[in-house]
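Order as written gives the chain letters A, B, C, D, E and F; numbering starts at 1 within each chain.
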Amino acid sequence: MPYVQVNITEGATVEQKAQLVEGITDLLVKVLDKNPASTQVVIKESGTENWGIAGKTVKQLRAEGSTKISSK
Amino acid sequence: MPYVQVNITEGATVEQKAQLVEGITDLLVKVLDKNPASTQVVIKESGTENWGIAGKTVKQLRAEGSTKISSK
Amino acid sequence: MPYVQVNITEGATVEQKAQLVEGITDLLVKVLDKNPASTQVVIKESGTENWGIAGKTVKQLRAEGSTKISSK
Amino acid sequence: MPYVQVNITEGATVEQKAQLVEGITDLLVKVLDKNPASTQVVIKESGTENWGIAGKTVKQLRAEGSTKISSK
Amino acid sequence: MPYVQVNITEGATVEQKAQLVEGITDLLVKVLDKNPASTQVVIKESGTENWGIAGKTVKQLRAEGSTKISSK
Amino acid sequence: MPYVQVNITEGATVEQKAQLVEGITDLLVKVLDKNPASTQVVIKESGTENWGIAGKTVKQLRAEGSTKISSK
């Protein structure tokens, strides 16, 4: 029955998303013996102006070419 | 004061969303005697490539015509 | 496949929780034709010192006997 | 390491979002002595038909010109 | 910068939790080339009376010895 | 109507929590002209074995006396 929510900035491909869903489900089955049929993995994407780290949005950090703070 | 978040895949109509908001609010008032004025119900929709169940995205399950795993 | 999260302050009984789970699931089946077997409703409770409304915690509002701001 | 999620209806500007990220990060550093480099503030916007309060969506409340229930 | 939230019922061991954190972080690094130093994985546990599936709480399903609906 | 969720590890005092609620509410009123009466700020605390960063739980990082990865 687990529900996993993956919050990331926009940009993942359909293929990468499918790999995340498969990999996280496999892990929950392997580590916690969960039933895959009721294991849900949901990906929530945010625009870079909606994600902040170290007091700035990722949009700002990337515009500044910031390398000190990881905006990945 | 309750805050309810309803996570679903895209596709509900404006009318269906209004019914969910009304029905869930009524239930919280009836069962928990909550104040409707401060009861919030928020619907978060995800694309089918962002919702995974049983290790595959709903997009994949629907493309395969899967009937074993419910992707509804 | 819906995942519904109900955020409330502590104090609901086991019976009330079961009524919320049943009522919200029924609503999702009726309004959106969702499959009940994969519909999940999760209740997250918070202590009154962890829930804020109108700039004060519910703990503070209740200690003050506030009636203007609903802390229900 | 805090992760703060700000749920609002659509309509904030890029500048306002940057102010929220900066202000909330500063507050967590000041109040809890958190490390800003690992403090994340993420803004999740919802359409007005997806946000319900007092049993109606904000879309409905605004169409009715409701002033009793705050839909701000 | 990803933030992953794993919602499960109570019962995982400290060791299993560490395996989930390690495995999900590795996956995000491998699939999305994320920076592990800013990847956060948070586990949220709920009591069985707070988790509902198929219209009943897991507490109810387990008391009934339900085998049709997976309460794992 | 905003709903803000602050996810942190355990350890904040009742007074610090009240400061977070007050400060975040003030900021939303100032920046977005939100109505404080319907602004909710909820703090969700996690045990250190439930919070992972850089592939390890905070519990592990603190036991190792890690200084490279911020576990604050």
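Simple rule for what comes next: a residue touches a chain if its C-beta (ideal position, glycine included) is under 8 Å from a C-beta of that chain, and two chains touch if they have at least 3 such contacts.
This one's a predicted model, so the numbers in the text were calculated from it and none came from an experiment.
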Report task. Please identify each chain that touches chain B as well as chain C. Result -> A, F
Report task. Quick one: point me to the chain whose Cα centre is farthest from that of chain D. Result -> E
Requested in this report: Work out which of A-E, E-F or A-D repeats the contact pattern of B-C, with more than half of the residue-numbered contact pairs in common.
Outcome: A-E
**Report entry** Contact-richer chain pair (by C-beta pairs counted) among D-E and C-E
**Finding:** C-E
Report summary line: When centres are defined as mean Cα positions, the distance from chain B to chain F in whole Å is 26
Report summary line: Taking each chain's mean CA coordinate, chain D and chain F are separated, in whole Å, by 15
Query - Inter-centroid spacing, chain D versus chain B (mean Cα positions, whole Å) - result: 20
Query raised in the report: So which stretches of chain A touch two or more other chains?
Result: 1, 3, 7, 20, 24, 37-38, 40, 42, 44, 51, 53
Query raised in the report: Tell me, which pairs of chains are in touch?
Result: A-B, A-C, A-D, A-E, B-C, B-D, B-F, C-E, C-F, D-E, D-F, E-F
Report summary line: Contacts from chain E onto chain F in the complex sit at residues 14, 17-18, 20-22, 24-26, 36-45
Report summary line: So, in the complex, the side of chain D touching chain E is made of residues 1, 3, 38, 40, 42
Query raised in the report: Which of the residues in chain A come into contact with chain E in the complex?
Result: 1-9, 12, 16, 19-20, 23-24, 27-28, 31-35, 37-38, 51, 53, 58, 70-72
Query raised in the report: In the complex formed with chain D, which residues of chain A make contact?
Result: 7, 44, 46, 49-57, 59-60, 69
